[in-house]
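The structures considered in this document are given below.
Common to both upcoming complexes is chain A, partnered first by chain B, then by chain C.
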Partner chain A sequence: MTKKKLLVNIFGPILSVVVLISIWQSIVTWGHVASYIAPKPFDAVRSVTSNWSTLAPLTWWTIKETVYGYLAGALLGAFLGVILSKIPLMQRVLYPLLILTQAIPIIALAPPLVMILGFGVMPKVVIVAWIVFFPVTVSVLDGLNHVDKDLLTLAKVFGANPLRRFVVLEMPAAVTQLFSGLKIGATYAVTGAIIGELAASSGSSLALYQRSASGSLDAAGVYGTTLIMTAIGIVWFLLVVGVEFLATPWQRRSTARRWRRGAKPVLPNN
Partner chain B sequence: MSNSTLLVLRGVSKTFGTTTALSPMDLEIERGSFVSIVGPSGCGKSTLFNVLSGLLRPDGGTITLEGKDVIGATGHVGYMLQKDLLVPWRTVLGNITLGARLKGKVTPENREQATGFAEKYGLGEFLNHYPSALSGGMRQRVALMRTLATNHQLLLLDEPFGALDAQTRFEMQQWLLQVWRDTERTVLFITHDVDEAVFLSDRVLVMSPRPGRVVDDLRVDLPRPRTLDTLVSPAFTELKARVLHQLHRERAV
Partner chain C sequence: MKRNFLSISVAGAVMALSSLTVLSAGSVASASTLTSVKFVYDFPGPDMELIPVVVAAREGFFKKNGLKVSVEFPPSTSSTTQLLTTGSGDIGFITTSDMAVAVEAKAPILSVANYSMTNNWGLFAKPGSMLTLASLKGKKIFSWGDTWTNAMIPFVLKKAHLKASDVTIVTGANDTPLLMNGTIDFTTSTTNYSIPGITEATKSAPVGIVGSAAGVPNVPVWVYAVTHSYANQHGKNVKRFLAAIKAATIWASAHRAKAVADFIAAYPKSGYSKFYSTKGWDLTVPLLTNKAGKYFVQTNAQWTTLATALKGINLIKSIPAPSTYYTNKFIP
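On to the complex of A and B.
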């Protein structure tokens, strides 16, 4: 990446966020919006920092629910994708069930989950996994079904058994697709956690904190909580993008990173 | 069968439904020779390759490679297509050693051999490059090195240069001849290009469809190494004319 490109990549997003916040600030200031309807951006931030001792453990819970649910969902999703692609019968048997899982309104899922799993972390984790696994399954299935048939033929001629073909060719070939599913899942994950908290919390949680702030007309608290939730979503998404960046170097590099090289470097200027 | 015979086909046939893709065929290929197969589509040349590589089981006949029956088995030939089929996530080195990886682990010897090929044939600087950084000609070279690195005596090349522009193609042809001479392999080469067939080969087989069979088998005794001058020599033109006539006579019927 050139220096100029790097600057654009870093400052572009910062600029768009600054513009957004400025618009928000000016609407609230010059539009004479009452502070119990919408706070100024910095009031929302201040509400978070001044209540951080209360909010920190709640945030931590939400992060845990998001991450555990996401990892479980991603693993399950990838596994199902492989099963569906490798066992044709399973496409007939499982696919309708998978569609069914996504047709159930997530909110309606909470009461039975609470009855089964109680009010702890588990029902939220299940809800997050429930949302995340589907795009992952679809993308893995798609990726595996679109591996170049000639490449698989070549592997057969070379005498590779099906397991090797899968590990050496099909899995890596599906990785690009896998990550598009993982990224979609990453944006949904925190939403799932919050839905879970709304529908399946008895004690304290970010979602309930926001609801009670709303009840007491504390707009800064409401918006501040939203900021936290959004931040969790963004950071998680960026982490997934970072993993993709490390896992698929061939998509943007012309040579392998040094530590991945199998050959002694013969590059004169490197 | 003489000592120098590498591959023997006896009565090998294959039908798909009512179509005879390959009518019973006898063929002997000498070790170290370069044999091209030309013919219109549907003449059975791809079927022949699929039967030889073990992708298809023939309906009848025997195939003996280096004295061993290889019918229905795979993993005994090098194989290369018009598509280079390099995998984008492996480097040049990783692609050359793909055959070894597909059969198990890539050993240091595999890497050494691959590095040797790449350095000898002008790709030494690109060992750690991903295929996306290579030109079409370079990619085909890597694909051929991958084929060589399977260390099989018999190489089946199915129109490997079909997608290259004319100039790159000529360079690749000369390069292939050099590699073939250096590594002393036996090459079966499918092409649509009569010039290419005559230029490269010791022997050209002309095939014809319905039923798929060999209708002519001619020796090419042009001196080697072959160069640009070969392409304009009277002997070359004469051979080319014969192949063309065979192809068109068959097609006109």
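On to the complex of A and C.
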């Protein structure tokens, strides 16, 4: 990547955030917007920093709910994607049911989950997993169903058993689609955690803190907690992008790196 | 003869047409002289506390006072104040604790009338349960997460000599099923909501500790509120609104079944049964007048008591003069 491209890739997003914050500040200042309607950006940040001792444990709980739910949803989604791909009858029977699960509004799902699972972390994990698993399932299924049939036939001809064909050919071919599903899930996971906290919280939570701030006309508190939730979503998404970067080197180069090739340079005989 | 008949017929037809024109012009004029007012409720959906407004609309009390009132429902229980201050609503229905935090946040809101006169909030348990302040320790108590409940719970704990860590406060979307299946031990609400809900589910009245028995200050729960600018510019509307509401409330108190029927007709999909609305309205009516039998009247004492109590639990930082919160000048 050239230096110019690198600079654009790094400073471009930073510049766009700066522009967004400037627009927000301008609207609130020149529009004389009351502080209980919308705060200035730095007031929102200050609300987070000055209440960090209260917000830190709540943020940590939301992160845990997001991560546990995401991992559960991702594993379930990948597993279902593979099963549906390998057993066409299961795909015909289960796929409509999977679509049905996504048609159910998450808000409607939350109260029965509380009745069954109580007020702890489990209902939130289930809600996050519910949101995440479907895009992962669809992506994995799509990836596995579009593996080059000729390659599979060739592998078969060369004596590769089904497991080897799956590991060497099908899985790598589906990885790109898998990460598409994982990235979609990553952006929605924190939303699921917040919905779960609103539906069932024991003690306080980030969502309830925000609701309490809203009730107290503490707009800085509301926006501040929104910034925290956004940050959790962005960081998690970037983590998934990072894992994708490491897991799919072939997307950037056509040859393995020298250390993977394991070859020493061969010097010509003089 | 024929000519005369023709003349008379034509003249008669012209007169009839003229009368029709005048009549219709008259009715168009009276419709156009009704002043539009946007009323914002305190809850995202309608319930029986809206009956005075519904009756005022359906039984003509608003029209009699020259008003055409539309009812808006906020997206959440804490949004009504913001909707008033941004001009999305003209007259709002909020809790007194919302009023106190609004004044603390320097929102230009003014309470123009009490809805209820006493604090009927408390804790409730399943029928046949044991509910005393001493029995709260180690229990799960349901909270709706709204400002009023957040404000009241510390008073209960104080009266019970408990710390926040001695109980588990849980928040959710619906309390009755959780109470019935034992997921929570107690719920919090006002009598006119909790008793109908639990009675309908269990066919028996719940056990409750309410008001000063629960340690909460005896102040009104709900008020009608406007912004200062609306009060200054449209005081006449506020006065007419309250006049219509008072007449409608008196009527609805005397004709309770019809009032509930009006509510059900106006909001058939409210989600509340006839039993719930009837029982709820029956429990609401006694709350609406003070000891002297007066509607709406606010006092310095109620606002001072509330502000002092809320400052004591750090919900607000200062206690302004009571006149900062309210005025009775629009009360008919």
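By our rule, the second predicted complex is superposed on the first by the 255 of 270 C-alpha atoms of A that agree within 3 Å, B and C clash if a C-alpha of one lies under 4 Å from a C-alpha of the other, contacts with A are read in each partner's own complex, and residues count from 1 in each chain.
Note that a contact is a pair of C-beta atoms (placed from the backbone, for glycine too) under 8 Å apart; a residue touches a chain by one contact, two chains touch by 3 or more.
Bear in mind the structure is a predicted one, so any value in this text is a computation, not a measurement.
In the superposed model, A:L151 makes contact with chain B only, not with chain C. Of the two partner chains, chain B is the only one that A:A160 touches; chain C does not reach it.
Applying the stated contact rule after C-alpha superposition, one finds that A:P105 touches neither chain B nor chain C.
In the superposed pair of complexes, A:V175 makes contact with chain B only, with no contact to chain C.
In the superposition on chain A, A:R253 makes contact with chain B only, while chain C stays out of contact range. In the superposition on chain A, A:M115 contacts chain C only, with no contact to chain B.
With both structures placed on the common chain, the touch criterion links A:G31 to neither chain B nor chain C.
The larger set of touched chain A residues comes from B, when the choice is between chain B and chain C.
Of all residues in chain B, only 53-55, 74-77, 79, 81, 83, 85, 87-89, 91, 93-94, 97-99, 101-104, 106, 111, 115, 119, 124-125, 127-130, 132-133, 150 touch chain A in the complex they form. Listed in rising order, the residues of chain A touching chain B in the complex are 148, 150-151, 153-160, 164-165, 168-169, 172-173, 175, 248-250, 253-256, 261-268. Residue ranges of chain C in contact with chain A, taken from their complex: 76-79, 81-82, 85-86, 98, 101-102, 104-107, 140, 145-147, 150, 168-174, 177-178, 181, 183, 315. Looking at the complex, you find that chain A touches chain C at residues 34-37, 107, 110-111, 114-115, 118-119, 198-203, 208, 211-212, 214-218.
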